[in-house]
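Per-chain numbering from 1; labels A, B, C, D, E and F assigned in written order.
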Amino acid sequence: MICTALVFIMHLGFSLLEIGLTRAKNTINILFKNVMILIIGILTYTFVGFSLMYPGADFAGGLFGFANFGLLLPVDGLSPAYADGHYTYYTDFLFQAMFAATAATIVSGAVAERIKLSTFLIFSTIYVGIIYPIAGMWKWGGGFLDELGFYDFAGSTLVHSVGGWAAVISVALLGPRIGKFKDGKISVIQGHSIPLSTVGAFLLWFGWFGFNGGSVLSADPGVTSLVLVTTCISAAAGGLGAFLVSYLRYRDNDLSMILNGVLGGLVGITAGADLMGITDAFLIGLIAGAIIVFSVGALDRMKLDDPVGAISVHLSCGIWGTLAVGIFGSMAGWSQILNQLIGIGAIGLFCVTSSFIILFTLRKTIGLRVTEREEIEGLDTHEHGTTAYTALSVEEG
Amino acid sequence: MKKIEAIIRKSKFDDVKDALQEINVNFFSYWDVTGVGNEKHGHVYRGVAYSTSEIQRRMLSIVVSDNFLEKTIKVLLETAYTGTVGDGKIFVSTIDEAYRIRTKETGTTSLS
Amino acid sequence: MICTALVFIMHLGFSLLEIGLTRAKNTINILFKNVMILIIGILTYTFVGFSLMYPGADFAGGLFGFANFGLLLPVDGLSPAYADGHYTYYTDFLFQAMFAATAATIVSGAVAERIKLSTFLIFSTIYVGIIYPIAGMWKWGGGFLDELGFYDFAGSTLVHSVGGWAAVISVALLGPRIGKFKDGKISVIQGHSIPLSTVGAFLLWFGWFGFNGGSVLSADPGVTSLVLVTTCISAAAGGLGAFLVSYLRYRDNDLSMILNGVLGGLVGITAGADLMGITDAFLIGLIAGAIIVFSVGALDRMKLDDPVGAISVHLSCGIWGTLAVGIFGSMAGWSQILNQLIGIGAIGLFCVTSSFIILFTLRKTIGLRVTEREEIEGLDTHEHGTTAYTALSVEEG
Amino acid sequence: MICTALVFIMHLGFSLLEIGLTRAKNTINILFKNVMILIIGILTYTFVGFSLMYPGADFAGGLFGFANFGLLLPVDGLSPAYADGHYTYYTDFLFQAMFAATAATIVSGAVAERIKLSTFLIFSTIYVGIIYPIAGMWKWGGGFLDELGFYDFAGSTLVHSVGGWAAVISVALLGPRIGKFKDGKISVIQGHSIPLSTVGAFLLWFGWFGFNGGSVLSADPGVTSLVLVTTCISAAAGGLGAFLVSYLRYRDNDLSMILNGVLGGLVGITAGADLMGITDAFLIGLIAGAIIVFSVGALDRMKLDDPVGAISVHLSCGIWGTLAVGIFGSMAGWSQILNQLIGIGAIGLFCVTSSFIILFTLRKTIGLRVTEREEIEGLDTHEHGTTAYTALSVEEG
Amino acid sequence: MKKIEAIIRKSKFDDVKDALQEINVNFFSYWDVTGVGNEKHGHVYRGVAYSTSEIQRRMLSIVVSDNFLEKTIKVLLETAYTGTVGDGKIFVSTIDEAYRIRTKETGTTSLS
Amino acid sequence: MKKIEAIIRKSKFDDVKDALQEINVNFFSYWDVTGVGNEKHGHVYRGVAYSTSEIQRRMLSIVVSDNFLEKTIKVLLETAYTGTVGDGKIFVSTIDEAYRIRTKETGTTSLS
C-alpha cells in the first residue's frame, strides 16, 4: 500500500523533471497535462483498463480478454486470501492503476511544448485505457508472452517501452519544436530550471523504491530487499555511467545528463531487479547510463526532438533492461535472450502500430500541433490564459 | 517629444498608474530596478544585522509629446510622493523621433 | 507509523499550495506561519490537546472532558495491546498530533497576505490546543455526537470543517486584501508560482494516502485498501469535476481550479472513505469538484477574499462529504442524513462561535491586520526583514 | 525498507536546503555535488564501506576490521532470520548505505560556493568509503566504543559529528567566500530562495522519521513509536527554541534560523531517541534550538564561513545530543556522561586528524579552491557551462 | 551617435535579432519590460474574467552611428511587424559620447 | 546634467560600486540586461556544443551634474576593466530636467 503512494509521487517527479527541462512559457501546460493524465489514467483504468489487463481465467484469450466494466470485487477480494495472503484485490488494483498513467506521462515529456492539449488528452485516454492494458495482459495478465517465458519483472518493456514507443511515434509525427533544428544545425533550447528537474529525478528515484519494491507483490522481505538494493545500485551506476561518458565525450559536467543516467539505470534494472546480483546490477546501470548519452546524441542527429530525453530513458534503456535479463543474472542464457527479443518485438510492433493509427487519425481530424503563433508565444497564455510565474521580483520600499 | 524616466517606490505603482490613466497617459513601459540612494534599510539575516542602500524600485519610461510633459510630471510628483527619504526621481530627456511599428507612423501621433 | 510521516508531509503540501497561490512578497511570512503552526500544533497537542480529545472513560463527559496535562503512558501503552493489537499509544498520539495542526493550516491559507503574525499565532495556539480537541472529542473521543450515530471517518467535519469555519469567520472579520475588490469590481490577484502550487497539491494527495489510510487505525489490509481506492478515485473525480465545470462555465483550462478540485474530492471522501463503493466515490468526487468551482465564484461575489480557496475546499466540500455519508454507500438513509446534519450543525455552531469570540477579542486588543503600508510593501520585508527570493538572475561574464 | 526510502529523500532535503541558502550562480554546482555524493556514497559503501563498518566477528579488531570487498551474502541473509527475524542482510545494507552518504553531504553544505568540484568528489569518496565506516565500526560494528558503553542510538556523533568535524576542518582550510568578511566586518550573503530551503527542511524532517524510526532496526512497534514521538517533539522544540532565542536576541522572525533549529532538534535527539520521555525530548530540542542561534553567531565571529549552518546543526547539536544521553532519560548519570565524552572525543580526534590529512594533501596537490574569477562569476558557468535558471520571465504578446 | 530604444513583442525577438545580424548590427543590449498601451489581453483566473493592458515586452537598446540609423530603423519596422495592435514602438535619441571600456576608445569606433 | 549608461560585467559590479562610493557618486539605479556583442561563450547542453553571444550584463544608469561627469567616467573605465573582450560600454546623453519627488526640487541639487 505504501508502494502505491510511492508510485503516485513518481507522477510528481515526472512533472517536475519535465517542466524543469522545458521553457517557462509552457510550464502550466505541462503541469496541466500531467495532472489530467493522472486523473484520466486512474479513472479509465478503474472502469476499463484493469479488466482488460487482468481478465482472469474465465475471459482471457492469449491475445485479448476482457472481464467486465468497472471493478468487480471477487469473492474473497477484501481479505488477503485474494492473493495467497499477500495483498487484497483493491491494493492490487490501485497499484496497477498508478502504473498505467505512467505510460502516458512518458509520452507527455517527449511531445512537450508543441502538442495540442485536447489531442494529447484524447490520445492518452485511448492509450492508457486500451493499448497499455492489452500489452500488459500479454505478460502480466497471463497472455501469450507469459506462456512463452518472456520475463519482465516490473515493466522495463511493459511500462517503459510501451510509453517509449508511443513517444517515438508522436515525436516523429509532430516534428521538432520551432527553432530546434535551424538551417540543418542542432540548436539548444534550454530548460528553465535545473533545480526543479533535480527534484523531479530525486522523486522518481524515491518512487522507484515503490515501483520495483511493490512489484514483488508478495512483500516477501528477502526478495523485496534484494530488489531495492539492485534498484538502488543500478540507479547510482547509471548516474556514474552517464557522468563518465558525457565527461569523456563532451568534457562537460552536465547535471541533466546524470539525472537522465540515473533514470536510465532505474529503467534498465526494472526488468530483472529480482534476478540480479550486486555486480550485475552495477553493470546494467553503468551501461544504461552510457546508452543514455549516446541515445540523446543520436536522436538529435536523427532530428527527433525530445526535450526531456524520454525516449532515451524509457525506450533505449527499457530495451536494454529487458535484454539484460537474458545476459546477466540468474536467468541468463541464449534462449532467454531470444524470448526477451520476441517480447520486445511483439510489444514494440503493437505499440508502434497502434499509436501510429491513433495519432495519424488525430492528425487528420483535430490536428496534432498548436499553431506557430501559440508555440512561439507559449502555450500557457493561449491554452490557459495565464502564466506560471508572475512577478517573481519581490516588492520593497 | 520628451522621455520621462521616473524611478518610484514599487508600493506606489498602482496609485501612479491609476492617476496617469486619468490624464490619458495610458501608454508607457516599466521594469524593476535596484536603486542606490539616500534611503537605507536595516535587516537581520541569520543573526547578522546589516543595512543596505540597495532597494527595489520601479522604473517607468514614458514618452510624451511636449504639451503633455508638464501635467504628466505634476501627476507623478503628486502620486509617487510619501514624504519620506527614498521617494525617487524623475528625469526628462529629449526624443528625436518616434515610430509606431504597427502603422509606421512617426512623430507625436505615434505615441498614444 | 508511515501514515504519520505521510500526514506530516501534508503540511509541506499546504505550505507550497499556499505560497504558490499568493504573491512573492508575502512568501516568507506564509512559510513562517506554517512552520510555526506545525511546531505549536505538535507541542500544544502534546501538553494539552490529546488529553482533551481522548479523555478516556474516567474523565469524560458528553461535552467536555480532560485527562491530564502532558501525555500519560497507559499501562500497556508501549505494546500494541493498547489497541487490541493494532497500534501503540504513542503511534496513536503522534498521528493525532499531525492532524491537529491541519485545522490551523487551513485557516492560514484563507487569511494569507494580511493577517498579523502574532495574532495568527495566538489564535492558532488556542484553536489547535483547545477548540479542535473539544470538537474532536464529541465524536472521536466518545462524546455525544458519537453516541448519536454521527459518522465521520477521517474528519471531513472534525478536521476540515473545523478549520473551514474558522477560516470563514476570520476572512469576514479581516476583510479582503487591498485591491481585491476595487470599486465594487472583483479584481484578480494572481499567485506567483503555479508550479509550487502543483507540487503542493500533489504532496497533499500523497499525504492523504496516510490521512485516510491511517485513519483505519487497525491496519486491516482489506479496509485500508478499500479506503485508499475510494480516496484516490474521489480525488481524480474531483479534478475531473472541477475541470469540466470550469471549462464549461469559463471556457478556461484553469489548473489551479483542478488542483482545488482534487483537494475537494479528497475532503469529500474523507468522511465516508470506508463506506463507499467505486461508483459512490466517483460521484462524491465529481460533485465535490463541481462544488469547488461554484463555491469559489460565490465567495468572490460575497466579497469574502480567500486567496487559496481554503473555504471552498475544506468547508464546502467538508460539509458535502459529511452529508454524502447519508446519501451514498453502506450507511445511506434519511436518519443518517439527519444525524450528519446534526453533527455538521453542532460542530459548525461551536466553531463559529468560538472563533468569533477569540478573533473578536484579538481584534479589540492587538489587532488582526497589518498596516496598509506593510500589506502593500509586503509582509516579508516588514515582519521578517528579508525577502524570499534574491537575485534570481544568474551571474555570468 | 520504507525507512530506507525516507532516508533517501533526506538527500533531496539536504540539497534543497543548501541551494536555497546559497546564491543562484552556484546552484547547479551544489546539486551536482549532492547527486554525485549520493551515487559515490552508495557505490563505495557497497564495495568497501559496509565490510569495513560491519566486519563481523571473524575479522574485527577493536579499532579496525575488514570483511571482504563487495557484499557477501551470509548464509541466511535473504531471510529475516539474519537478524532474529527482524530484517534481512540487504535491507540492513541499503539502510546503512543511505546513512553513509549523509556524512559527505554535511560537508558539502559548509564548503559550498567555493570548493573545487574534483577535489570535493575525491575527498567525499575517501571520507565516505573509509573514514566514516571506521568511525562507525567503533560503535555500531562492535568496536571499542561499543564495549566501553558509549551510546549513540542513530548517529548524533557517528553520522552527524563525523560530518560536522570534517566540515569545520574544510571550512578552516578553505577560507571564507569572497566578500563574506570585508574589512573585518561580517557581511551578509543571502541565499537565493527561502522557499526551497523550507521544502528542504520539511523533507529532512520527513526523512528523519525513517532515519530514527528505522534505526530501531527491529521494527518493534513500541520502541519505534516512542522514537518517532521523541523525534518529532524534539524537532518542534528545536524550532521553538531557535525562534525564541533569535527573536529575543535579534528581534527578528528569521525563518532560516527556525529551520536550522528544527534540524538541530532532530540531530540533538538522534543519539538518545529511544531513551527519552516526552519532557526530556522537549528540553533537548529546546536547548538544541538555542545552541543553533548562538553557534551560528559564534562561527561568524570566528570567521568560519558556513553558508548553510551545517556546522552548527550537525556538529554543535551532534555533540549536545550525544551528551544529552548522559543528562536526560533512562541512561542519565555521571559515568554515562563520561562515556559519552570519551566517544565524542575519540571520534572527534579521529575525524579531525583524518580530514585534515586528506584535505591538506589535496590542497598541496590539486588545490581546494576555485579561482577568484570562477568564484565571482559563479561555479555553474565555469564548471558546468550553463546556469540553473534561464529566462524565468515568461513570454507573452 | 543615436540610441534606438525599441519595445517589441517577445515572440518577434528571434526574427529581429537575426535580421539585425544581417545588416551587421550585432551589438545591443536587451531586457524585459512590462508595457502599458492599446493592446489588451483577456484572461480568466479562478473564475474571474479580467482584461489587462499590462503585457510583457522586450526592450532593445541599440546605440548606432548616424549613418547606420536609417537602415536599423527600417529593419526593426519590418521584422517586428505583425499588423495587430501591440507591435510596439521605436524611440530615437541622441548620445553625446560613447566609450568602450576594454580599449578606452571613444566615438563611433567604440560602438561595434 | 548628463545621464551615464554603463553596461558592465556583473562580476565587476561590486568593485564599481565601491569605487563610485569613494567619489561620492552614491546614487544610481541598475538592472540586469542581456548583452549581444563581440564576446562569445561556448557551452555544452545535453551533448550539443553551441556558442552564444548573449551574455548577462548589468546596466547602470547614473545621472550626474556636468562637473561630476568626467571623474565618474574615469572611475567606471578603470574599475570595470579586465582587458578581455566583453568589458562593456559607457554611453553619455543629456538630461533636460531632473526632479526629486520627495522635495520637488529640480536641477542638479535634486540629484544626490
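Everything below uses one rule, namely that a contact is a pair of C-beta atoms (placed from the backbone, for glycine too) under 8 Å apart; a residue touches a chain by one contact, two chains touch by 3 or more.
For reference, the UniProt names are B, E, F = Nitrogen regulatory protein P-II.
Bear in mind that the values here come from a model prediction, so they are computed numbers and not experimental data.
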Reference interface B-C: repeating pair among C-E, A-F or D-F with over half of contacts shared: D-F
Contact-richer chain pair (by C-beta pairs counted) among A-D and D-F: A-D
Distance from the mean Cα position of chain E to that of chain D, given in whole angstrom: 51
Distance between chain centroids, defined by C-alpha means - chain A, chain C (Å): 34
Where chain B and chain D are represented by their mean Cα positions, the distance between them in whole Å: 49
For chain E, residues contacting two or more additional chains: 10-11, 31-32, 35, 41, 43-45, 57, 86, 93-94
Touching two or more other chains - residue numbers and ranges from chain D: 2, 27, 190, 252, 254, 376-377, 381, 385-386, 388-390, 392-397
Partner chain D, residues of chain C touching it in the complex: 1-2, 4-5, 8-9, 11-12, 15-16, 19, 27-28, 31-32, 35-36, 38-40, 42-43, 46, 70-71, 78-80, 87-91, 93-94, 97, 117, 196, 383-386, 388-397
Chain B - residues contacting chain E, complex: 3, 17, 26-31, 61, 63, 93-102, 104, 110-112
Touch list for chain C against partner chain A, complex: 2, 6, 23-25, 27, 190-195, 198-199, 201-203, 205-206, 209-210, 213, 221-226, 228-229, 232-233, 236-237, 239-240, 243, 252-255, 258-259, 262, 278-279, 282, 376-378, 380-381, 387-390, 392
Chain F partner contacts - residues on chain B that touch it in the complex: 2, 5, 7-8, 31-38, 53, 57, 59, 73, 76-77, 80-94
Partner chain D, residues of chain B touching it in the complex: 43-50
